[in-house]
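After this come two complexes, each holding chain A, first together with chain B and then together with chain C.
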Partner chain A sequence: MEIRDENFRIWAEGTTIYFDGVLRLAGPDAYAPIHSLAAAALHENHERVVFDLTGLEFLNSSGINLLAKLTIEARRQSSVQLVIKGTTQYPWQSKSLPNLKKLYPQLDLQLA
Partner chain B sequence: MSKTVLGIYDLTQASFSSSLRLTLSDGPLELGWRHSGLTSDFIAEAMALRFAASKTLHADIHHGIEYLSNELIENAVKFRLPGEIIIEACVKAEVFLMRVRNEIDAATSLRFRDILTGMLAADPGELLIQQIEANAASDSGASGLGLLTLLADYHARMAWEFETSGENRVRLTTTASLELPLTSTE
Partner chain C sequence: MADLGSIRAETILMDGAQTSTRPWGSFRAKFILVVGGAVLLDLLISGGLALWNVQRLSRDATEEVGHGLEQASQDYIRTYANSTADQVSLLLGQVNSDVGVLAGVLQEQIDNPRRQADIGSAISTTSPGSIRLSFDPVGQWAQNAPGSPSVVSAWSYLLDADHSPRPDVQAEIQASAVLDLVAPSLLKSGSSKLQMYFIGPKERPIFRTAPYTDQAQTFDRLYPGHNEANFWDFFFPGLYETWQSWAAGAQTQPVADGITQTAPYTDAITGKLIVSFFHPLWSADRKNVAGTAGADITLDQLAQTVENVKVAESGFGFLAMSDGNVIAISKDGEKTIGLRSASDTKGTGVTGLERSLKGSSQPAITELANDLGDEIRHVMLDQGGAPVPYMVIMKKLPPVNLWEPGQVRKDAMSLGIVVPEREIYASLFAAQAKISDATNRIVLYQILAILFSLMIVTMAVLAVSKRITGGITALAGAARQIQTQDYSVRVAVTSRDEVGEASEAFNRMAEQISYHTENLEQLVEERTAEIEDAKEEISALNAQLERENRRLGTELAVAERIQMMVLPLASELSSSKDLEIAAYMSAADEVGGDYYDVLEADGRFKIGIGDVTGHGLESGVLMLMVQSVARALQEAGTKDPVKFLVDLNSALFKNIVRTRIDKHLTLAFLDYDGKDMLISGQHEEVIVVRANGALERIETMDLGLPIGLESDISPFVSTRRIKLEKDDIIVLHTDGVTEAENAEGELFGIERLCEEAVKLHDQSADRIAAGIIDRLMAYIGSHKIHDDITLLVLRHR
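After this line comes the complex of A and B, so read on.
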């Protein structure tokens, strides 16, 4: 499954969800299809689910809210290990992704 | 005409002479959500151009300006009454300064003033985490994270001026500053 427009692309490959491009949708309603795609992976009884953000250049605050919401969903479902892969190449990731660890210390946040 | 200032008062006195000035108008532009991204991209490109010699420095500065501009313009597009959004931006003494002016209705103004009063009385980092938890529990229509991420993650300084401009119309002027990371390892 894939969700895309001219600025971004989000897709699933196995238990990894890839986020690519520039994502600045208008709010929770606009982010709902992306939430459904990523939340489905968390609820499919996998041991490990990866959100790969290494291609995500920009995310607005509504999108940060989406990532936080998904992190809290993973926290509630302790049978799955959530891994978030990011990059220091895009400054927003170093600034905002560490907040996710505060929400869920068991989150495996990999910022390379 | 009543006026209320919240946040860092000194910012309201900041001069925007020799700044970039844009007016987004209703009408043929069909002003909408996508204009916030387009406009913030333009501001970041224009303001960060002088730092292009260092790739790392340029990326950091470009991103900070883009994020701040995008969040402020998104708010203006989302909450405004029909009418113009006036945007000014400049870089002075290692600081990016931005001012956004638009009109909102009286109820939005009151609600926003309440939110800001609470926000300014607390630690933004702690409030950000609390707000995220509250959003996850409530499915509310707006995340409310824009200003909190600017204060907590970007250490932006901000001021808001509310001036009655007509019946059920309040002119909101938001001024923000962001220190530019002018040291680089390159």
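After this line comes the complex of A and C, so read on.
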């Protein structure tokens, strides 16, 4: 399963969902397919689901809103350990990802 | 596909056009040339080899047969020559033997004088005509009368004055009468002899000859003067003396058989060419010569033997003396080897015959005369002006004592056989001709076989080429037809090879061309209809799009209006006596959700800055709600910044749930109480530049949580207090500033913002704001602005 554009690519490999490129979609409607892809992983009763954002150069505010919503959904599915892998290489990640940890302290945020 | 097909067809047609102008450039012609050429070459090589072999075989066979036949022919001729020589030797041997017998009888008489006298007197009694001579007054000689078996003549110088033989002569005559007893029987037996005779010793050379002839008369006619000279000196000068020297032991006989032979000469009695064989008689003491016994044979006898030689068609023999004088030869033979007779030039003795090889008109024969060795020679003889090859075989006969006037020497006659080579080699030539015929026949058959094979192969190549190239020819023809716009043409697929595949492809192509061409109008109509349908559809879509755009445009216009409507008025910005506030906001093409505010109540200033996620009407509405709630809380006197934010979040969260606006926002407030600045809420970094230019960056991450995500954010909200002195400035911004991209996609970044703020810090708030925006816009250039750009600059007066 893969969602792609000339600027970005999001795909699932096992229980890991990779986000790559620059995501600058217009709003919640535009992000809906990505939300479905990631939410499905959360609802498939895996022990551990990883969002790998290390290749995601930029995410606009609507995208951050999507991550926040996914984090809140993960908080409701306490059986799933959500891991978010990020990098300090891209400024938006160090600025926005810690909020997710605040929303859901059990989130395993790995900022490298 | 249709286009491609037509191009391909055109190409084929061009080839076809070239083919029709150059028949030898056609595929079939090339095929025939290549295959036919290869076969022709093969045939020529194998045929040529066969012909060469046959020729060589023929040559070898001819050579072998020729060699064998030539050897056989030469052996035959050699044998023939030997046998002829033996015949001649036998003839001569018999004459020698006959002369020997006569000489033996006469010698016996000489050796026994008494018996000689008795026999003489006995014969004179029984045959008085044999010893009684009568004088001839005309010839001045005495001779017995005819009727006796032999004639005996006594020459004038042997007669008395009364014309009677001297007594010693008469005694000799009487003694010689014994010849009458022996000679007739000898003449009858053995080889044919012309005559046999006795000649007395030089002192009384009576001449007794059997049979009887008028010999003295003949001598008178042929040899005038003979009656006056001594017989021996006149007829055989030197011969008697030679014999005498033999008897005295002064000379030895060249050939020790006692016989002396003359060269051919004209016989006085018969007038024929004869050869005389003498057997000298010796005195009883053997110290002197006592006359001779002799026999003459005509050359005819020898010539007959030699002339009997008949080798092949016109081969002949000849007998030559060692000096080259030919003594026996046929007339034709004489002519063939160019002999010329000449008269005897010696002038003395018996008249000889001069017909020498040396005088031949044929140079090859003249040369032959110089060397009569026993060998086979090949000579060219001129025959009627043309040189004809002849083969000459010489065979030497046993040597004899030959008298020549004045001397006796050893001489050997040579027998020669002359045969035209073409006759002796007739069988060889016949064999060669047969081989040649056979060769020619084989060669002819071979050539015929090659021609026949060539014909068969040519026919086969033509047939096969027609079959092989037929498909291509048909394709070319069909392509030409298509050129003339006859699209109905199809090629018959007769083979399963590449040509067949090409034909099938051609047919499919032709069908497509045909279909496309014939259905072009219909196709155009169909397509036109399709296009019209599409056009209508597009128009409909366009209209829909326009409506949508209009709606969106309206939405955006409303959103923008709301955004602008809720922003503080300029008078509100400048309402503080301590703070100089400059604000800049630029909406992106698709209006974002930036928000800023300056709220004043009871002397308390609350400066807010936020960023709603997304854009459009919903963002605008959310912003309006935020502004309204903030204003309400401010008016309600909520002084605690934490409570302020928590309440605001709580109100908005509930409204977000109700309105199903799937958005949230970052929001931070700066509360100024106239002394310090209190920062709360999570938003971008707050930049503080002190009057001295020192830069402070205040992180707000830990001061709150985005509004609208959680119903209660109280656990996350806190405040940060910063002192604000005179001429210190604070710069607030939304991410539209730091995340603005230049043409290379690089972000403007917080660093450049801080740098610019530091650089401009001692200027008025408006100028600082304008300077930063100038720098930012220069950075972005013509690149797309993704987000709203909001900048607030506060300056402590």
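Basically, the second predicted complex is superposed on the first by the 112 of 112 C-alpha atoms of A that agree within 3 Å, B and C clash if a C-alpha of one lies under 4 Å from a C-alpha of the other, contacts with A are read in each partner's own complex, and residues count from 1 in each chain.
Throughout what follows, a residue touches a chain if its C-beta (ideal position, glycine included) is under 8 Å from a C-beta of that chain, and two chains touch if they have at least 3 such contacts.
Keep in mind it's a predicted model, so treat the numbers as computed, not measured.
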Identify the partner contact of A:Ala12: answer first if only chain B is touched, second if only chain C is, both if each is, neither if none is. neither
Counting residues of chain A in contact, which comes out ahead: chain B or chain C? B
After lining up the shared chain so the two structures overlap, which partner does A:Ile64 touch, if you call chain B first and chain C second: first, second, both or neither? both
First (chain B), second (chain C), both or neither: which does A:Gly27 touch? both
Need the overlap of the two footprints on chain A, from chain B and from chain C, as residue ranges. 24, 26-28, 58, 60-62, 64-65, 68-69, 72, 91-92, 95, 99, 102-103
Chain A residues touching chain C - in the complex, by the definition given at the top: 24, 26-28, 58, 60-62, 64-65, 68-69, 72, 91-92, 95, 98-99, 102-103
Where on chain C is chain A touching in the complex? 590, 593, 611-616, 618, 662-664, 666, 682, 684, 701, 705-706, 709-710, 716, 735, 738-739, 747, 749-750, 786-787
List the residues on chain A that touch chain B in their complex, please. 7, 22, 24, 26-29, 58, 60-62, 64-65, 68-69, 72-73, 89-92, 95-96, 99, 102-103
Footprint of chain A on chain B - complex, ascending: 33, 36-37, 59-60, 63-64, 66-67, 70-71, 74, 78, 128-129, 132-133, 135-136, 139-143, 145-146, 148-149, 152-154
